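Each of the next two complexes has chain A plus one other chain: chain B in the first, chain C in the second.
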Partner chain A sequence: MKILIAEDNFTDRLILRKIVEQQGYQVCEAENGVEAIEVFNKEQPDLILLDALMPKLDGFNVARKLKADHPEAYIPIIFITSLTETESLVKCIEAGGDDFFTKPFNRVILQAKITAFKRAKALYQTVLDQKQEIEFHTQHMMQEQQIAKRIFDNIAHKGALGDPCIRYSVSPMSVFNGDILLAAKRPLGGMNVFLGDFTGHGLSASIGALPVSDIFFGMTAKGFELYEIVKELNNRLKSVLPVGFFCCAIAAEIDFEDNNIKVWNGGLPDAYLINKHTAEVEEIKSNHLPLGIIGEEKFQAKMDVRPFNDGDSLFLYSDGVIESENEAGELFGLDRLLVSICDGASRGEAFDTVTEAVKAFRKTTEQGDDITYMEIKNHKERDVQAYEEVDEVFRNDGPSDSCLNMELGPRSLKNYNPLPSISQHLMEIGNLRSYRTQVMTIITELYSNALEHGVLGLGSELKKSADGFAEYYRQREDKLTKLEHGYINIKVTHKNLDSGGQLELIFEDSGQGFDYKTMQDKASSSKLSGRGYPLVIRLAESVEFFNNGSSVRVIFSWKATGSK
Partner chain B sequence: MKETIEQLKELLGDDFNELVVAFDQDNRKHLSNIAEHIKSANHEQVAHEAHSIKGASSNLGAVELAAKCEALEHSAREGDLSQASELLTAIEHHFELAVKELKSA
Partner chain C sequence: MAVTSSNSGSELNIKITGKFDFSCHQDFRATYEDLTDKPQRFVIDLSETTYLDSSALGMLLLLRDYAGGDSAKVVIENCNPEIKKILSISNFEQLFSIS
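Take a look at the complex of A and B:
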């Protein structure tokens, strides 16, 4: 340790030097204020004994200059004063002095003071080192998070969040706040959305987001029902997440054709169903445990089915919205949220009114990035999903002539969905995977017709009104639970043709059949729209009925237009 | 004063003589400066020089000398030089005593 002694009086300086040297420290000296600054810059001492009254530049000015020139450094300054200068002690402190030492000199006191400052300096150095270390680690962590985010973005891509029916707000780093927002188009043209809020923050909270998005996108594309997806999400999270970690979530399936919505809310705040025409706001409460808590056998994936008409919208949010703070530390709260939702409800602008309300409330506070909310609207004018023309070279990998025959009895019909495995088989066929949407639409329609109208004998009249859908859904559940007899036989045959192929689908059920002739007449005379057979007729090459309509044969042909 | 001198001799070792010489020379200069500043009625400089002698003498245990210096410094700082010549005489007297004691130590 090196100590600068700035003192104009030779005898005083000599005594000070001897005291300091006796303690084993190095000494450098200055006879006046100007020299003190020169020596300081040259010698970089660790501590200064500074005489208050010196020629050229007094001690106060020396202290002020040194502290101003070296704001980051820890340079303890001990002012040397006479007892009579008590009135100027305040001046010493204001100038940046750390302590005083009075004449006549007391060796023991000075040495004790120096030792104390030496300790303080070591502590300061430790704090400084730790600060640098923390800065290094923080920077390192930020880099890692950015890399992790890039990886995450590739897996949990935006999906269908860009669809015109969706408005959403999500922070760019929200994955590390534990929020996840996903949307995917169903092969039939509907939409699945998912909003999840994992316990905790940071990387640990985001790890569960990877399997969630994987399962959500994968299973939606393969045509699984939402309740099956939710079940699988729960199973996976139960096995992946440590005890005490879980995911509060809302999953919703929007059917734009049949004007209904199925919602599952496990632990998130109420979702709001906004009726644009009546401006009514209906809440969809959480009536399930969050994902990842209970095992498969006890898990409930029962959906809440509600009408969802043109102009209606569904508002979902995670608690970050109501927990966002203003400058005064107040929370935004549920009341403000509800007021802003109701405010925008009749104009169909709830998303905008909420966004403005939160912004106006928070003003400049830039905290709580984990504000995630979305609004999904049923637009009738919205573009019906266009089946994009496929331009792909002819491929004959996978099976080129195959036949799959599957018969499902009553117990299978209760709780097994055969479509994903049929789809998986079909998608291995050369160019057919380019027509996934069309093929999935056809087999999904054929299967639900065979099951609901055939085996279960449900009339389709109920489905025509949005309110009736809930009843239709209830009856379907009920009949399925009580089902004891019946079957569905599915036969899928395909063969490759020149630069393309042909698929034959035969669905036969144990039901009474239906008046297919009237349906065919309507379909051919009027506009081909809506779901069910009209849609199948539009997509397929041919549709033929047998056995009073309880058996149907559909031909779907494809070509690779860009073939050699 | 004796006790302080013993401590200083112990602390300074061979440098004690240097201290004695410096004390003698430096302060003799301060004293002649004071005399001149009294003549020209420069009370601020009188206070400043007295302050310097006060600090050094207190460190050598010359209590009487330090006390007289402080009295002069104090009155000079107030702008009062009426007692200055008398105080200077007393200071010079105590200074010679102190130097004598230092040199004989």
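Take a look at the complex of A and C:
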């Protein structure tokens, strides 16, 4: 420790030096006020013994200047003074002095004062170091979060959230509140959406969000069914999240052509299915554990299937909406939410009425970061072909002629979906990739017809009414569980041609066939609404039936993009 | 918030008074982590609990894991209707006996 002695009297200076040196400290000296400041700047002492009355610049001014020049530093100043009147002592303290020491000098008292200041200085240094460390860590953390956010944005890109059928509200930093909102178009038409709410906040929550968006987008693009995606999400989160962390979520698959919606709700508040025509609001309750809690063998990915007609919409939200507070600390609450949803239901504007209600309720309270909600609407004017998924990249790699043959027995039919792997194969074929939507639609229709109407022998009349609709899916599941015999044989052959290529699809099933003639007549009588064969007939070049309809041959031809 | 517990040796009773949230984390874990003999049965008494958030759900899962996962005997007792609703939204009745 270094101590500056600023004292104009030679004898006093000498005595002070002896006392200080006896304690083992270094000493530097100044004979007047101006010199005191110079020496201070040069030597950077830890403590100053400052004579109040000195030539050139007195001690009071020296103290003021030093404190002003070094506001952050801790420089204890002990005034040396023969002044004893209280008024002068007050002046010392006001000028920035920390203590005073009166003549005649008492060695013990001075040494005690210096020791006390040494301790205080050490304490100050510790606090200062800690403060700097905290500042450093805070800055570091902010940077890391920004980087994490950027990485996250790249992976959890907006997907199809910008689609006209979706309205949503999500905080720009929501990922650090544990909320995640995703939407992706399905290759065969329709849309998958996902709203997740992770336990915890900050980085831990966003790390969990990464595999979720990766799996969601990746599997949706490959044509996996939503229940398969939900299963995989659960498996992955179960393996990466520590016990006690999980993700409450709603996943929904919207089929705009077949006018139905499949919803899986694990741990989030009720989703609402809003019927625009009747203004009725139907709840879709959480009937599963959140994602990441239980293992594969017990996990249930069973979907809630509901009709979803033109003008209907689905409203999803996380706790943040009902937990948002106003100035009085009241919660927005479920009642207010339901009132605002019902308010907008008949006009098809539930998203707007909720937004306004939340805004009006909160008034000036700071906008919370944790409000996530969305509304997905079914618009009739949507067209299957309208998706912008056509990949314009000209590709000529991949197989030029190929044949894939796959036969699925009863055990595979129960729980295996062959479509993603067939799609994977087909998408490797140079220019066929550009026709992904059409090809996937055809294959999906052929497969579900072979399975449902062929192997399982279900009649499609059931699906025409809302009650029959649910009954149809119940029977489908029931028959599938009990299935012991049956098969579907799939043969996919393709060859590239100069101007494009041709794909031949043969689906053969173990069923009794069906009345394809009536269906063909219907298709030709321009009743093209709905899906199934009419859609296949429209998309394909030719469709031929054999064996009473239990076998079908479809030809799809395409033109190479970029070739003229 | 206060976490109190009583241990009969074979049964550990944990009671949470007030808010059951992240601030209970340390106290809640401390009730069972340092026991030399693991009790066979765990009872969580929520009669005096006013609020329960997702981190509390996480703590319950941690306890269940400690108590043996799928073979754990963890009973959640005396929930008020609000709390019961939170537990049932998350479908925790599949994992715990809730009365």
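Just so it is clear, the second predicted complex is superposed on the first by the 401 of 564 C-alpha atoms of A that agree within 3 Å, B and C clash if a C-alpha of one lies under 4 Å from a C-alpha of the other, contacts with A are read in each partner's own complex, and residues count from 1 in each chain.
We take it that a residue touches a chain if its C-beta (ideal position, glycine included) is under 8 Å from a C-beta of that chain, and two chains touch if they have at least 3 such contacts.
As the structure is a prediction and not an experimental result, all values here were calculated from the model.
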item	value
First (chain B), second (chain C), both or neither touched by A:Ser82	first
Partner chain(s) touched by A:Phe105 [first = chain B, second = chain C, both, neither]	first
Which superposed partner A:Gly244 touches (first chain B, second chain C, both, neither)	second
Chain B versus chain C as contact partner of A:Ile15, first or second or both or neither	first
Touching both chain C and chain B, counted on chain A across the two superposed complexes	none
Contact set on chain C toward chain A in their complex	54-55, 57-59, 61-62, 65, 89-92, 94-95
Residues of chain A touching chain B in the complex	8-12, 14-15, 18-19, 22, 53, 82, 84, 103-105, 107
Residues of chain A touching chain C in the complex	197, 199-200, 243-246, 248, 266-269, 286-290, 293-294
Of chain B, residues touching chain A in the complex	4, 7-8, 11-12, 15, 18-19, 22-23, 26, 48, 51-52, 54-56, 58-61, 66, 70, 73-74
